[in-house]
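I have a structure here, written as structure tokens, and I will follow up with some questions on it.
The first chain written gets the first letter, and so on, giving A, B, C and D; residue counts start at 1 in each chain.
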Amino acid sequence: MTIPWLTLLIAAPALGAVLTALVPAGRGTLAKQVAIAFSLLSLAIAIAVIAQFELGADRYQLVEQQAWIDALGIYWALGIDGIGAALIALTAVATPIVAMAMWPEAEAEKRDPKAFFALLLAVEALIFTAFLAKDVLLFYIVFEAMLIPLYFMIGMYGGPQRRYAALKFLLYNLFGGLVMLAAVIGLYVQSVDAGNASFLLTDLVALDIPVETQRWLFLGFMLAFAIKAPLWPFHTWLPDAAAEATPSNAAFLSGVADKVGTFGMIALAVPLFPAAAAEFAPVIVVLAVISIVYGALLAIGQTDMKRLIGYTSISHFGFIVLGIFALTERGATGSTLYMINHGLSTIALFVIVGFMISRRRSRLVADYGGMQKTTPKLAGVFLFAGLSGLALPPLSTFLSEFLVIAGTFEQYRAAAVIATVGIVLAALYILWLYQRTMTGPERADIGATRDLGRREIAVVTPLIALILAIGFFPRTVVDVIDDGVGPTLAEVDVEAPPPLVSVTDHAAEGNDE
Amino acid sequence: MSPLAAVAAQVGETTASTAGEEVLFWIIAPLAVIGALGLVFSRKAVHGALFLAVTMIGLAILYIALEAPFLGVVQVVVYTGAIMMLFLFVIMLIGVDASDSRVETIRGQRGAAALAVFGVIVLLVAVTGRAALPDPVGTAQAAPEGNVYAIADLIFGRYVWAFETVAAVLITAAVGAMALTHRERLARRHSQREQSERRFREGDPKDAAGMPVPGVYARHNAVDTPALLPDGTPAESSVSPVLVARGATRLAEEFATDVGRLGPEPKPGEAESTAERPTEPSDAATSGLPDDSPAAHGTEETDDEPEQDGGDAR
Amino acid sequence: MNSIMTHGLAAQAEVHQVVRDASGLISSTWLLIAFPLLGAAVLLLGGRRLDKTGHLIGTAASCLSFVMAVALFVAMLGESGDARAFNVPLWEWFNAAGYQVEVGLLLDQLSMAFVLLITGVGSLIHVYSIGYMEHDERRRRFFGYLNLFVAAMLLLVLASDYLILFIGWEGVGLASYLLIGFWQHKPSAAVAAKKAFVVNRVGDMGMVLAIASMIVVFGSSSFELVFAGAGDAPTSWLNALGLLLLLAACGKSAQFPLQSWLLDAMEGPTPVSALIHAATMVTAGVYLVVRSAAIYDLAPEARTAVVLVGTITLLMGAIIGCAKDDIKKALAGSTMSQIGYMMLAAGLGPAGYAFAIFHLITHGFFKANMFLGAGSVMHGMNDEVNMRRFGGLRAAMPVTFLTFALGYLAIIGIPPFAGYFSKDKIIEAAFADNILIGLCALIGAGITAFYMTRVMLMTFLTSKRWAEDVHPHESPRVMTWPLIGLAALSLVGGAALLYVGGGIVEWLEPVTGEEHHDLPLPVAALIAITLVVVVAGVAVAWLLYGRRPVPVEAPAGNPLTVAARRDLYGDAVNEAVLMRPGQYLTRSLVYVENRGVDGAVIGAAKAVGGLSARWRRWQTGFVRSYALTMLTGAGLVVVAMLLVRLP
Amino acid sequence: MSPTPYLVLATLLFTIGGAGVLLRRNALVAFMSVELMLNAANLAFVTFARMHGNLDGQIMAFFVMVIAAAEVVVGLAIIVMIFRTRRSASVDDASLLKL
């Protein structure tokens, strides 16, 4: 009997969520331990799953397919490809880290913390499902279902405006989801018309949808993903949510959960509607470039640290979308890598800002200054996270950003040039933030601030280690991602021109590998 | 039932296109429409109910003509017999003494309603009139052993689940009606002694011995005529408020002119006050304790009492 | 131009240098980087335990690297002249859709020269810093950063792929950021550090785009493939590549128009200024241009741009250097100017590459020497930097004075000091290329003589002007020995590099190619003219500062002086053109975001709310109204069905 | 006989019932009007049953009657309740279904 690894991967956090919720009230520590234990269990299963992933073998591996609603062609269909594997890894790694970071935050809240952890695990299970789903309706369902636990996570814990932020988050995403639902149904109708009613991704990709129809369906899908990702001008929920949610929650939200949006773009929107994707790519590229510059400029103008990081995320999401819709293999590979790296670096930034907030109880940049002297370790990790945010080589973020720019440059020269302005602005917002918080004369009231504790170091260390490891040895990750991106982009008939000068046989070797 | 079935079978065989049916229809149909219009335009609910009964009986006849004798009978028994009785009962309970005002309170409602109704009539009549409907097949084929057998067969065969469900609905409705109208007694019920004592304590001492009974006056020895008090004035409280509300009494004012010679001129205020409350006492009328209610009208407490009594009574 | 055929490293017909895979000692080239990298890791992660010994660990790491470099140099000398390039592959970095990058090192004559300069001067400065930073409680961290810098710089010059080079490129930028802002408690230092990084990032845009272009053109960014393919690439692309690389070089080397950060960078500790902002990092731009010779050789427009940038910067730097009273800033202006010379030379193509590198190395010697000398002065003067408060220090600090003087003579180009040989060659090459450029270089030499004499006079000669509580004293030996070492190199380095063995030109020739142009006038005449100009500059400075007392407060000065004091309005221009509009843009965008984008969303939400508030009134509560609506609706449904069904 | 007259009659009764609901404020009358509408529908059912020659229409009418009975029971109970608390049988007085 074969073990249903992927279902197991989803079941572990789901079970954890239930068990955490069942922990009796008042035993907060036990709830946390249960939650972290299950997140680690999911990590272990994720590692086992990814270890079984074979490069160059079938496109989707470990496939499970079980009829769910047979009459409508709905399946519980899971499968993992290179893109999914990379994002599963990110989610599995990020969740225990976020759970650890939440530990003290949950205590500061007046509410029982267990709900927080249970919701976190529930979201993890849903995210896994989204990354693995090979049935469009299944994807849609988890895509939407995810909003509910996230809504409560934002709305129940966090800053004074959290209800507003949570509602805004929910309404935005529900709106996008609604439009997507219409498109999902439209897509299904296409499959019915073709004589094979099915929601299976593989069946739907094989459909030959007329371009007219593709356009509308593509726009329906894209709107949902663009809101989720978020892309300018559908982004305004993110800064509010980032500012009002607790730091670790904000980290999870923009670091992991939002990746479902960009994943949807590359894994659904592009392969399902290749002609429309190619047609709309220039428009989306423009929006992405606007996102990059706009997000960065607004980040510079912020006075609230969490908001600032929220805006940096918008800028980074712009890069991710740019790479995807350059529709070059390099760009898309870079984007997928970017998703992972952005996850790591944003989580690091949010979590570290969370450490700072837990010390001084303020989100405002103006309430900090000169902390480098009293808290050198905190300043050090903050700078490190910041540098990964501004994509300093050889940190992992650099490679992804570079590949995105290079991939875009092949197709859209001007867009790539403007996007590079983003790297200058990134340096500006990160270093200015560091300058204002960590350097300069020490503020009088900052003297007693303590430096990082053991638990905090334990939270940050794996992030730093991963950022460095992927930075120095990205080959495996890139190969895995490329394995998924290649066939995905093969659906689209856009191909980057070969190099103008074909140099030597050495290059040919490189291509063959 | 078998005679009915036999009738139905005969009808079924012969009515393919008899002139008799046509005659029947053209007699019954105007009656049904008149009944319906009567329902809508009668000012009093009781009259409306009776008009409706006419329509329903007409429909029952038409059912029989349409080869549905079982339904025709059920229509009479259930609808006209049971449901309309229920209506009448409730009308008696609450609204028999009221007639609707003709003034429309919602602005534009009447015009818009007329327009909408007219539109729908035109639309539906046009549709049904234009539709090229085939001649009826007749149910003889479907009900070889007679209508009732066939219906029983269907109800307890193909539609047995629907039937069971409907039965459950009916039971639920009955229980629901009980639950809705039932009221928990919040305070202990006053004994007759306590009520009497209270009358002495709080009420007008002159009522303490009991209210005057109507109709003591020689010329009008009836319940619709108020009693005359010793000072010669008519005692309004002696007449049942239900009769007052229905307008079935002789008003004190009217009465006073009759007996003008004997007593003082009636005060205009009294006359008004009588006319002013046509509906209020109706509850007391249903309570079955007429001697209770007159004292009640002034005080708040007793407002509850008759209702509770009524609730218990049902 | 078309006579050029001797560059590019891959196996093409004309190229005569073959890159071989390394073996033996040379395959351990990575140790050069590993030592300082390990040192940095140990020092930065080691914590307070290493406070006592940190500086020694750091210095040891740097010195080990230097020893390794010398060993490699010796090994390389053992090879024949055209077989001195080695590939040291380490691991495959990634392969993204056919774009393959290998983490590998390329050790050839050019990188060897840099490795020796970086590790040699670097080690001396490490030693010097032991004394200079003695009283700083964060000395361990300082050495960690220095080691990090050395590692990154070595990676920069050893990389065999532009993308790997970029890692080093950014690494030195980071180290520079950390070291400029080392005294973070000073807001000016933190601001200067950030400014340096951000301006460098502007240059990095060029680098990133250049590499992206290489992928488009060559499908690769490795030196080997790019240089091999350059011959077949369209000239327009090569020009674009050249300009983009120039942008990168301008950022890193503080060339016009990205020069503004260098003067502010003097906020860092003086050894940093010496190592990073004089001897090594700022010359990375020159390295980049020379390394990309294969591209520039075929991109005449881009080369013209390089020459122009170099010329403008050399004059600008020189003029700024004349007006600064802050000794470090005066030296920084001089650095800009000297790098301008190198750029100019590099822009001349094969005729100048070798001289650019030659001047780069000698400049590394004498400028590091002078910066360290300035540091020594500051060390003895309670960190005073204003030259108007110096004067007559030669008695108090004889060693510093003498070593500084040697550096001074080298930079103004007095034979036989180092600068004479290198700068003279550049002036010659410039004249050979274009008389106008040559004249500019010549004028630059004159101004150099003027401002360096001014520094010399104001600091060491003339009368003392220092404050009461300052007691100038000579620095400890650990600081003076590096000074002496560098002074010796300033004295003999030029001649040695030019004449020992085949000299540096021959050494570099396999990498850079060689070319001669005829001078419009005899060499001897040009040398004589140059010397006359230099002497004139010295004389003017003497007239202005030596003969009459130097006022403690700076006089108002003529407009040019005022402009030069304000860095020729470089910052003002930046502020007016970039910062102010940028701030305005940011602020207005925040406004647009809140009122416009978010406002639209919230407005839509409010509109929906308002509409429902209005439509709510339809909800009268009267069941008859509802019934009317229902009846109407039912009627409409029937109508709709009819319309659909009936034709 | 053609079904059309029956259907027209059903239509008329239905709309008259509708008019009653729209125009009469007395809850009981409105309620009776609803019954009238149900009856009209029943008539149509029965007519069609004959037209098609099967009994399903009659069964449907039967069920409608039963449901109508249930509805009447509950509806009247509600009317009584409302009358008790509001002292009015006017549907306009029970206009709480608004903000």
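Everything that follows uses one rule, which is that a contact is a pair of C-beta atoms (placed from the backbone, for glycine too) under 8 Å apart; a residue touches a chain by one contact, two chains touch by 3 or more.
As the structure is a prediction and not an experimental result, all values here were calculated from the model.
Chain pairs B-C and B-D differ in how many C-beta pairs they share in contact, with the greater number at B-D. Inter-chain spacing, taken between the CA centroids of chain B and chain C, is 101 Å. One finds 16 Å separating the Cα centroids of chain B and chain D. For this pair, chain C with chain D, the centres built from the Cα atoms lie 91 Å apart.
Taking the mean of the C-alpha atoms as each chain's centre, chain A and chain B sit 69 Å apart.
Among all residues of chain C, those that touch two or more other chains are 620, 622, 624, 628, 631. Touching two or more other chains at once are residues 106, 109, 113, 116-117, 120, 124 of chain B.
Across the assembly, chain D contributes 18, 22-23, 25, 92 as residues in contact with two or more other chains.
Here, these are the chain pairs in contact: A-C, B-C, B-D, C-D.
Every residue of chain C that touches chain D in the complex is listed here, in rising order: 616, 619-624, 627-628, 631.
In the complex of the two chains, the chain C residues touching chain B come out as 620, 622, 624-625, 628, 631-632, 634-635, 638-639, 642. Residues 1-9, 11-20, 22-26, 28-29, 31-33, 35-36, 39, 42-43, 46-47, 49-56, 58-59, 61-63, 65-74, 76-81, 83-84, 87, 89, 92 of chain D touch chain B in their complex. Listed in rising order, the residues of chain B touching chain C in the complex are 106, 109, 112-113, 116-117, 119-120, 123-124, 127.
Note for the complex: chain A touches chain C at residues 168, 171-172, 232-233, 235-236, 294, 297-298, 300-302, 328-330, 333-334, 370, 372-373, 380, 387, 392-394, 398-399, 402-403, 405-407, 409-410, 416-417, 420-421, 423-424, 426-428, 431-432, 434-435, 438-442, 473-475, 478-479, 482, 485-486, 497-504, 506-507, 510-511, 513.
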